[in-house]
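The block underneath contains the structure these notes are about, expressed in structure tokens.
As written, the chains take the letters A, B, C and D, and residue 1 is the first residue of each chain.
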Amino acid sequence: MSADTLATARPAVELEGITKRFPGVVANHDIRITVQPGTVHAIVGENGAGKSTLMKILYGMQKPDEGTIKVNGTEVSFRTPSDAIAVGIGMVHQHFMLADNFTVLENIILGAEPKRAGRLDTAAARKRITELATAHGLRVDPDRLVEDLGVGDRQRVEILKVLYRGARILILDEPTAVLVPQEVDELFQNLRELKAEGLTVIFISHKLDEVLGIADAITVIRRGTTVASVDPGDVTARQLAELMVGSELPTPETRESTVTDTVALRVSELTVEADGHHPLPKGVSVGEYAARLRAEGKRLLLDEVSLQVRKGEILGIAGVEGNGQSELIEAVMGIRAAHGRVELNGRDVSGWSTLRRREAGIGYIPEDRHRQGLLLEASLWENRVLGHQTRKPARNGIWVDRRASKADTQRIIEAYDVRTPGVDTLALALSGGNQQKLIVGREMSGEPAFLIAAHPTRGVDVGAQAAIWDHLRDARAAGLAVLLISADLDELIGLSDSIQVIYRGRLVAALDPSEITPERLGGYMTGAIAGTEET
Amino acid sequence: ACGGGDGGGTTASQEPTGAASEAPKDALKVGLAFDVGGRGDKSFNDAAYAGLEKAKTDLGAEIKELSPSADGSNRGDLLRQLADAGYNPIIGVGFAYGEDIKKTAEEYPDIQFAVVDSASNAPNVTGLLFAEEQGSYLAGVAAANKSESGHVGFVGGVESDLIKKFEAGFVAGVKSVKADAKIDVTYLTPDGDFSGFKAPDKGKVAAEKMYQDGADIVYHASGDSGLGVFQAAAAAKKKAIGVDSDQRQTVKETDLQSVIMTSMLKRVDVGVFEFIKAFQGGAKGGSNVTYDLKVDGVGLSTTGGEIDDIKDKLDAAKQDIVDGKITVPAKP
Amino acid sequence: MTRVRKYHLALIGVAGLILVVSAVRVLTGFNDLTSSGTIGAALLLAVPIALAGLGGLWAERAGVVNIGLEGMMVLGTWFAGWGGYQWGPVGALVAGLIGGALGGLLHAIATVSFGVDHIISGVAINLLGPGITRFLSEVLYKEGTPAGEAGAGITSSPAVSGQTPEFNLPLLSAGPDLLGRLESTHWFLLSDLAGILRGVTHNVNVLVILAVLLLPLTFYVLWHTAFGLRLRSAGENPWAAESLGVNVYRIKYVAVVISGAFAGLGGVFLVFVSDKYVEGQTQGRGFIGLAAMIFGNWRPGGLAAGSALFGYANGLQLRSAPAVNTFFLFGAVLLLVYLGLQIRRLLSADRPAELAAPGPRQYTLMGVAALGAVFLFWLWLTIDQLPNDFIFITPHVLTLLVLLVASQRLRMPKADGVSYRRGEQH
Amino acid sequence: MPAGLNRALLTVAGAAVAVVLAIAICSVAIVIAGGSPLDALAAFFDFGRSESAESNSVAVFLNRAVPLFIAGLAVAVGFRMNLFNIGVEGQYRVAALCAAYVGSTFTAPAPIQIGVIILVAAAVGGLYALIPAVMKVTRGVNEVISTIMLNYIAIAVSAYLVRGPFAGERAQGQLTTTTPPLPPSGMFPDLNFVFEWFGMVAPTRNGGLWGFLIVAVVLGVVIWLVLERTRFGFNIKASGLNGPAALASGVNPKTMVIAAMVLSGGIAGLIGLPEILGDRGAFGSNFTAGLGFLGIAVALLGRNKPLGIAVAALLFAFLDRAQGALQFADIPASVVTIIQGAIVLLVVVANEVTNRIALRLEERRAAQQLGRNTPVEVAA
């Protein structure tokens, strides 16, 4: 739908009295939002406040129980996303909605395919995509497989998908969660251009300063209902946060240093090949081998990474996703085969299985809790056992000690404020934040000597975030060594005792968190600032 | 486990035991349990049924026939259920019943049993055996005489001992005429995989090869797979020999009928009927009745008249076997 | 770019294979290795497998695992037999397609609408197929029914009325039969090529042609049409498809019903070969088809290769059991080729010496290859003929070996087997 | 705990509805076939008129359930961790053959004789399952294909062995080849005395009520313990629910594949023993086939849990038993297969529906508790 001259007076989107109930939960209750055309309209709120649900309703993926939707002044009723697409609405989802094994082009044209004589007209599509991409400054190669793309590229593909359908109203659900500042800037630049062309953007984010930077209007949702509509010029981030949760925005600041001299984890020359692990030739050192592979033009996912984490220290690893941090933690965990040495408390654990490493005191908060952290269809206490099968209290000879496990799960539930009816509840019935707290609690039990914390607060709301940070700090004070990986740079800078930047599988910079700004950090992460090591 | 139609036989049936005599026609309740595949398989189950039906019309018997489950695991139970329901005698069709009949017969000593294709193994069990090797021998003689290339073939459905009897007789028959004849032998599946009786496509491939190599007559003992053999014969414009029943009559496709030079008949119907008749006459089990050439329990069909010209040679061979001058091997 | 290179590599591989087979043939004198008869038989035996595999491909590309192909194929055979005797070949074709499609529809209802585990539904259909067809036979084919008069029994239908046409390449594979003549000269390579060519062009049934055409057609539809893109997206990421307005349920329904129809078509083919329905004639081909599809990496070309391998081994085993022995020699030659390539790599001078230094693993591999070659060669020399029981399993063993060697780079559709519900992504 | 109870009640209710629906569908089929569904129903419960017929029917019913139950267990162990062991069929065939042969080569006191036979069967089944397991972990060969192929290979190999190296003597005129018969000490004592407890006459059926039933029950309990209570069982469950999470928790997926597959194959090895030790005393080329495939249906119907599998096996056996009785009532025996297929399908559909309802309830409960914002005490 084009915004014709008459319609400019009318709001692009009007939501009135939207109510949506899920079994047991009222996700949206009497929501009222008016979005003016040609503006960026931000929606903020806690985890589970109902933002995504509302957007899904606006995009036709879910039907509201009550309320009306007006688009450009006309009342609409969507049955499927196609109906929403037809009136010019497009949505970029919180989680990427891309088929990994498809090319960029295929992902973009899916559902709106250009045809010629019954055949996919890929040439026309490629032309159109290239036009759109250049017009909006979105660099992509239409013929690459999506699985080879980084998050920034994927984000651009998502936006192109929407533009390709000629959308005039864009919904972006937490588009910046996985982006580094430079990418965020780039995205915002794109959004401003789109706005200038008369498009309307609805934007959701937990990062309030971003919101203030880009939005023309802000709506705050709390517990499923609209509590305020504010002008970004009139509020500060803190006020906004108070509106959201009724409390102050916590900052992840480490108080005094607790770093000791004892090295808990030492990693030397860790190297991971891209095309499968091959054993080292006899008599060749890791360094020589890596040099040889480099000479052959082979890609290295991890390239001679060496680092050490001392007791009481939190070492932050900064990096754009896909630069080797996943490989690093998986290699340290023994999930992925690698060359080089991993020492825990002075012992060489390189040849050890994951199980043995865990038994030796490595805790692991995985980056994707649903993939690596939980058995969604199992009860909470069984999830407590996971990773601790061979240790007290879960273990009793060859048996799983159910009673002790349940009791310990109850302890975690109380200590970490996991909101759940009981230990027999299935993990999938918990919200993401509560799932995360359970995982943190589990990994902290058994007094680990060293903890890998990957995105420990990803997708978790401010309240839960603060709690998790507190737990990490307390454990650090008690002498725990932590390897922290996070895309949230505030978190990374706030929590870490020192920061290393990983770029293309190499550690390229060691930084002092007390002196670095997120912007500079982002510069290192994207390779914009290169080579200079600040020690 | 092989065949292709109920035996509208051409060979005169003779009384195998000669023990039959007139008996009162009251309360003759005959039970029969089929082999896997069951009633309506146009094969030897149906041949057995034909004998049963004859008993119904000719002897006024009350009959009941049961089919086992697909895996044949309930054969023994069917026999027992028939026994419990008051049927006597009870017939099991197929060698697979051998063991079950033995055990059931011990449990029901007052009931007479018969088993087709397996030997008697209890005092109240009659084994109804067929000298397939003798019939196959005649088929071999016919094939060797009619073959111009001196090259014939045999397609067996499943490589079981029963089918090997067919092969052994056929090979012996061919060699008796042409010692240097070339005989191709192919089985479709190993023992235990009974799909070889239901694989016309495999039968076709196997026979096609034989015809391409110069064989002009192929004998099959492969149940429904024989259809493929006939098709290969039709395509190559050559001949085939059917099995169990007169397949020139039971196969309905006219283009296939004409390739069936003759069929090796196995008169299960006669065996079943004669057993019932003998039972009525008061005969007891504990022994085998062998349906061989002597009693025309096996033989060759003559529909189409294609082997009429060698009738004397066949008769001579038959006579030699009947007289014991030739002993046909039952194993290859 | 990479696709083209892959395609070329495959061609070179096939050419090399033919060369080796030809050499082995000349060496051993088993002309059946590449005779047109063997190739024709391979085609005959491969087509039903390939059709079942195509059925699997359509379903699994749309994200529905279909282990019920066997049951659908059984339905296809029965309906083809039933339709065929009443209305001739076209009736058989239509009825068989419908029979299989009904099985597919049942699978779709269970898996798509009710979210039942795909394996369970498939297993249930494998039970239902034979049960229902047996029941139908017992009702419709018993004595006294019209079908019974026409020659039906409980385990078979009456014959299909009418014939399906067969085709030849004029001049080349019929009439003067130039290819046949070339084949019978048994020249190195030339005769092999002629045999292969003649095998696939001599007396080819129209249904074979149809079936073979379905492979490129499937490729075209799935990879070059909008519908195909949507179908594959349902197997890769149905939630993404849904978010773009694709009706994933409908796509899955269509795909699974087509899948059943393909399995049914496989059944029709079997009925055409035997001219009638014979109970149990599918013989597990649904499963083998599924295996061929996995073997072929969920791609039409790959599944064609898998079916062809199976059909070839099966055909050769049925036609010429002793020729199976040559597989030992064949294996030995392949191992020698591998050894040769390795040694050449070792000796090639244009690499820095230290780079080429082989690890112990490589030496072990080469040693094993050498030993294996010697052992196979010895087997070939000493074994006159394997016991029949072992001949029967040639196709199965070969499939396993190829899978073992062709180090698996298989990639199944990402959301294959995942139970998808609208609006509930994880 | 109401949540668990709710779930259980819903499941049972769903299953009951499914069975009724399946019966309804078959009734329609029977009516179409010109029979009477009531006759059919009567046939299912017709255990014979005489006392001995009744006992026999009960014995037949239970004897059928035993191998189905074991087969279901074997399949379930693999399925629990998404390992599709389609090869149970081949594994039990090879195992039964080898066990029958080894058992016939020596004579020892019954417990030892039988013990050795059981061990051999389990070992051979496990070893045969090891092949696809090793192929999977070393070369990534999909176990569905390899086990399907190995089923065919098993048929051929056992056909070779039973007629060749392992062949016993054959009675004159007998056409089936079997392994040599087991010595009397190799036959498992029957359980006919159980019938006396219930005031029934002992079944006359040869072999009576197979004593292997006890082994099956013990096996069921052991497998239940292993799957539900041990660390190994936990690892299997974890691997099945979420492979990457299990890996990250320190479970070695390769070891698990091998262990689960071998365990599955080992159990599969026992499938043929009830029949051999209870009745036949030998393995022959027409030994009951297809139990492995039925086991898949039984396991899935029983939701891969031992108790459920027991119920499913009894249900299948109950239906199978009626094959003869149905034919006496002039009803096509194939309705049994149709009912079995329909029940499998409908029960899982019902499961799915009830599961969803149960999940809704649980979520609602969780959400309500959450709303109240108070941690709740442990629900047992």
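By definition in this document, a contact is a pair of C-beta atoms (placed from the backbone, for glycine too) under 8 Å apart; a residue touches a chain by one contact, two chains touch by 3 or more.
If you're wondering where the values come from, they're calculated on a predicted model, not measured in any experiment.
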item	value
Pair of chains joined by more contacts [C-beta pairs], A-C or C-D	C-D
Inter-centroid spacing, subunit D versus subunit C (mean Cα positions, whole Å)	31
Where subunit A and subunit D are represented by their mean Cα positions, the distance between them in whole Å	46
Cα-centroid distance, subunit B relative to subunit D, in whole angstrom	37
Multi-partner residues of subunit C (each touching 2 or more other chains)	130, 138, 284, 389, 392
Shared interface positions of subunit B, touching two or more other chains	70, 159, 190-191, 193
Shared interface positions of subunit D, touching two or more other chains	152, 156, 159-160, 336-337
Interchain contacts, given as pairs of chains that touch	A-C, A-D, B-C, B-D, C-D
In the complex, subunit C residues that touch subunit D	67, 106, 110, 114-117, 119-121, 123-128, 130-132, 134-135, 138-139, 284, 287-288, 290-291, 294-295, 387, 389-390, 392-393, 396-397, 399-400, 403-404, 407-408, 410
Residue ranges of subunit A in contact with subunit C within the complex	56, 59, 61-62, 80-83, 85, 91, 93, 95, 97-102, 106-107, 109-113, 115, 118-120, 161, 279, 281-282, 292, 296, 370, 376
Subunit C contact footprint on subunit B (complex, rising order)	37-42, 46, 70, 159, 186-191, 193, 195, 198-202, 204-206, 208-209, 212, 224, 227-228, 231, 235, 250, 252-253, 256
Subunit A-touching residues of subunit C, taken from the complex the two chains share	224-226, 228-230, 232-233, 236-237, 239-247, 354-355, 357, 359-361, 411, 413-414, 423, 425-426
Parts of subunit D lying in touch with subunit C, wherever the complex brings them together	29, 32-34, 79, 84, 86, 135, 139-142, 144-146, 148-150, 152-153, 156-157, 159-160, 164, 293, 296-297, 300, 332, 334-338, 340-342, 344-345, 348-349, 352-353, 356
